[in-house]
């Protein structure tokens, strides 16, 4: 019997399993639900296989080699460290890489990276949205003049990536940028960073954190009485991260592009077809949590890309090459979202050959002490600033990687 | 085996090493106090004394492991307040230890070969290839070491890691290692502890042979009076860090201070 | 009766000084090399080559490097990851500045940079000993970690903050980059590892190796025999770091294909230290065994579970793998604390006296 | 001094406190060291274990005190019975508690503890209060005056002989019923050697402590022991009571260094010797 | 540049004494908490010469057990609160005792008298085992430390001074007190009792210790249990600062410089080392860090330790390294 092989790289173990478990559950359950409810996609069952990476690059590469020969339709590495080595291999092995809002930002440029997709927004987009939110609160970005913004981040590629853009914003709008790097080994021990925050008294704090960095930072912020409503994070903190700081965390904000909560037909279907039938290891009350839903979103993209590929090619059992085309012409509009039971869950997504990211708006959500509450309208990224940076980065990538292949893949018309 | 070479020629009977007014204390413990004596080329010089008298410390001073707080040492005509261990080794002082200090993880052969380190000159590059000059050198020294192995009759244990050898054989390997340095002055710290008569006889034989045939000067610490009296040419006696007697075995044997402090009964 | 030295007489010390004095050993080695160089590349699957063999060889090389320092010279080091990183970054810089020079040359040269850094951090080793010396190497590890992240120059200001391995060729065949086939990468690594292992073996069996071991076993006695401790220890640091540096360069260029500084973290250092210990301190072959056990065992266990087709969630498999590996490590240590290499020796010894028990 | 041997044998040597039955010991799974050794120590007896380097004396003693295990050796055959109990079933500390203690060859003091602390660890298994321990400590200091001078030094810094005294003193501190002494005289000045044997005699006579002595100083050992075993190559090649052994011609030649009725000078050693006939 | 290195930091200190005091306080608390981790290492090292790589995972394991049992209890109907928390604490202590027994029986006893490095390796095996077991039983997701239910205070005392304020977290104060009491107690136990001397003897030589009748089995259980309790305390304190997750084991590494600086065998050394490192790295990071772009805390501690070692190769309070031949 034919099936479509969808490997999922997950990390339910290791130091980052706190986030990994939710994401893995969301990804797995949505696809499993499709299998149970619809018999797969377009009548073809999905062969879902998890490969445990433990967020470790070594094991991630092992997973890649292990799935490579089984004709996967795409890989979702779920770690920047694993994504980077896969970028050059994707074209060779003809396996598209979906690194959803992480990985290499420059991969948004489809002409350079035909095989890599990172919708719906890059970390640069994220920063520009955060800043425009802050500007908005202050009554215009120009009001930031003379103010100080602190940036606390994981001292690694991920946290450092936004710095050039941040510096440019600081120059353009006249605010002072203060950097507070946190080494990966010091995530649980941030008192000096926050002492510095006390000294510098930044008007806003922006955070790009991961793993234990997030809860510790929130706790430390509470400890020094940093005003929580001025503390804004990129999209990774979870409910647990905020909860651990107790009431003091009220008002903490993070960027997000999809809803939280389980009140969506699709998620209810997960409950009905998957969790209630014990076809998963998922803890029932994880459904609807922010990172669970992120996993669902990721799988929604996978499923829609496959469906789209089937539509373009007319084949039932699609290959990686087909799905790459499916991703490039992905168009999940409002109607389609409604159809798949995710109405109001997120904004429509549409990718093109040139733009593998979409730079879609995100909104701000706030921690009210028990859950995340949406507190802003969708915010658009500042493409005027991000765009040039992206193309420059992509260009640089090509220059440094001599012999980087020119795009030969034809561009499909959106179906 | 070849005769030891290098350094200014000192005729047999001349002073090879002289210790003058040397003192050494560790905190409150006076290990050695104002001791002077000399060792003449070619002789077997025994150092005896009760436990804790400072004998081992004296050897440690001679080969630079302890730095005396006072006094001077003259070795082969060169006088200095203190010596660095490698200077002593390069100058031709070999040594065995009271608590066997072999390289436990290595075989007997390697231990003795290690004694040749100072004599081996081929550089890193040749070692890397273990070929040509490096291999020739290796073989040349191996021949020398084999002579020692034959001499000490330890052929069968060549390839045994020394940690597993019985105590007596370890002592013998240690002697071999010291001999491999072709020392001019050989310091032996209780070489016969833990041996039975038969083995002591063997060991005595080795010591005498080394002394007779190669003219190696020997300083010997030993508690077996029979051995000391039979082997040594002159004896220096320490007690509580102080020299209490110095002379031929017969003189020392009859010295009342020595009898009181050490021998207990006249031997 | 098959495995005996009886009847094999050596007529010269050259033959007796040979590293494998027994004929069966030499035949075995030749067979292994034949399999490694010819049979495997022809028959093994891509997965086996790139997931099992490539990493194993690289880890073995790093383990040999650390073994020289820790196993042969008795200096505990927890900075292996950092030294590997130095090699990798040096290689990256070299090949970006001089792209026309052959990558294999740069890989071999990059180890020298690691040597330099190794010597620098080895300087405290004369005064500080044992576990205490670990602090010197740990400061190397953490300082280098920090430097790798903080000096964007090292990664040519790549925005990803990572080394992005360019395609390089050898005789026109790509050896790095996405188009390098597992077979080619494997063969290049195998070549480098074989060459360096041969060097290491020469060193440890000669004068230098003996002075290393002498320092390890009884440094005071070694000093009194005229071995200069300082020089010997620093040489060990230099050689050891060279091996680690080359391993690091190989790891990034011929295995990962791209690397964030994080991969040279302290975990890597411990990982390799454990390979050395379980394989056998002071044994080159042990380094291979150790890499096999620590890196290979989990892969085998995972493969085993897959092959059996047990319906267990992958996370649970991972948990059980961890438990099993942990238990096996303790088990191996109990049956032979001196490492797998010693176990191997005992096995040979038993074979020698076979069919008698002793 | 010559009369001492006689006094020791006054105790009726009927009951055995320690019996080894045909034991075989293998190190590292492959090295066979003891090839069937049997011996017995009567309660209140002093038994000497003699033999050349590597004969297996130390190994025998370690087998008795169950310390082989810590050196990757094991007793593969035979049995060892101490005071009615199978030794193999007891842990080393249990053995000490029951009164069987070993003084290990090569000193083995705790280098980082002072001499006094070393002695105190010897009393670890005792439960009879600090006053009694203090009394014994004074006794040990009485035996070894050199130790009391150095009691506050770290053992690791003391001289070889001082360490040897410390190791023996430490064992005495446990108030044992039976002491396994491995080369007690090694590295000690002649005076102290005699003193040690006097202590052995003393404890034996006054407190009924039994001794198994592995000793190279055959002369001394046979003077003080009641019975002796000679071990060669992992086998007992000769045994008998001390007097008869010391009169045996072979023993005289090989272990006492007496031939043709007089002590040989060490200068007279020959390169080639007569082979021991039991090695044939 | 010289001005920036040599003078400017002190000017800053003078200008904002409240921040200086706060920095010192944070350093003190950090130091005490490092000392707590180091203490776990010291206990085991003292008693057996084993460098226990598993101490970090023991911290996680103990804390997970505490929180996990608490959750389980509440799902079985025991109301959340003090009672459940203390029941869970009791269970966690029992589990650590069980672990101590198991480690002794399965791992240490067969490895008696092996070189330190081998035992070190064995503790690595133990680490792997406990990681697997912990995740299997309790799951890998981070959990919240039940600090409140255990009666640990929250909130802070804010003391006004010199135009600013110094904020002393109550939980930090509690940590300082608890750690001091634990250290004093353990210090007394191991220094003044018969067991203490025996421990040092064992660390010196397993073989000799066996020969004088010291029961290694008993001692190891005692010590591993004590280390387990210390791990539990560490888990509670660090867990309260961040979260209870497997990444907690990373901070155990921070104990290394402390341990080395203090000397592997000294309980007071762990404390003094902890304080030096804690305060040193906070001051360094706060006043000098910005010169190097901050984040130097990750290696500063090691350099501080290294600097001290160059003068005292056995650490501040470590046992003398005996060099005698």
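Every chain is named by a letter (A, B, C, D and E) in the order it is written, and numbering of its residues begins at 1.
In the analysis below, a residue touches a chain if its C-beta (ideal position, glycine included) is under 8 Å from a C-beta of that chain, and two chains touch if they have at least 3 such contacts.
Predicted model, so just to flag it, every value in this text is computed and none were measured.
Novice: What are the mutual neighbours of subunit A and subunit C in this structure?
Specialist: Both-contact set = E.
Novice: Which chain pair shares more contacting C-beta pairs: A-E, or D-E?
Specialist: So, comparing the two chain pairs, more contacts are at A-E.
Novice: Taking each chain's centre as the mean of its C-alpha atoms, which one ends up farthest from the centre of subunit B?
Specialist: Result for the farthest chain: A.
Novice: What's the distance between the Cα centroids of subunit C and subunit E, rounded to whole Å?
Specialist: A distance of 32 Å separates the two centres.
Novice: I'd like the Å distance between the centres of subunit C and subunit D, where a centre is the mean of that chain's Cα atoms.
Specialist: That pair's centroid distance is 47 Å.
Novice: Distance between subunit A and subunit D based on Cα centroids, please, to the nearest Å.
Specialist: The mean C-alpha positions of subunit A and subunit D differ by 75 Å.
Novice: Residues touching two or more other chains, restricted to subunit B: which are they?
Specialist: 65, 97, 99, 101
Novice: What parts of subunit E, by residue number, touch at least two of the other chains?
Specialist: As it turns out, subunit E has residues touching two or more other chains at 135, 140, 253, 293, 295, 298, 325.
Novice: So which stretches of subunit A touch two or more other chains?
Specialist: As it turns out, subunit A has residues touching two or more other chains at 12-13, 155, 183-185.
Novice: Using the touch rule from the top of the page, what pairs of chains touch, sorted by label?
Specialist: A-C, A-E, B-C, B-D, B-E, C-D, C-E, D-E
Novice: Note which residues of subunit C are touching subunit E in the complex, please.
Specialist: Where subunit C meets subunit E, its residues are 76, 124, 127-132, 134-136, 138-139, 142-143, 145-146, 150, 220-221, 224, 266, 270, 274, 277-278, 281, 315-316, 318-330, 333-334, 337-338.
Novice: Given the complex with subunit C, which residues does subunit A contribute to the contact?
Specialist: It comes out as residues 10, 12-13, 24, 50-52, 54, 57-58, 61-62, 65-66, 68-69, 80-81, 84-85, 87-89, 91-93, 104-106, 155-157, 160-161, 164, 183-185, 281, 393, 396-397, 400-403.
Novice: What part of subunit E is in contact with subunit C in the complex they form?
Specialist: 51, 53, 106-107, 110-111, 114-118, 120-122, 124-133, 135-136, 140, 253, 256-257, 260-261, 264, 293, 295-296, 298-299, 302-303, 305-306, 309-310, 313-315, 318, 321, 323, 325
Novice: Could you list, by residue number, the parts of subunit B that touch subunit C in their complex?
Specialist: 63-65, 85-86, 88-90, 94-95, 97, 101-106, 110, 113-118, 120, 122, 124, 127-130, 134-135, 138-139, 142-143, 146, 177, 181
Novice: Given the complex with subunit E, which residues does subunit A contribute to the contact?
Specialist: Within the complex, subunit A touches subunit E at residues 12-18, 20-22, 155, 179-189, 191-193, 195-196, 198-199, 211-212, 215-216, 219, 223-225, 240-241, 243-244, 246.
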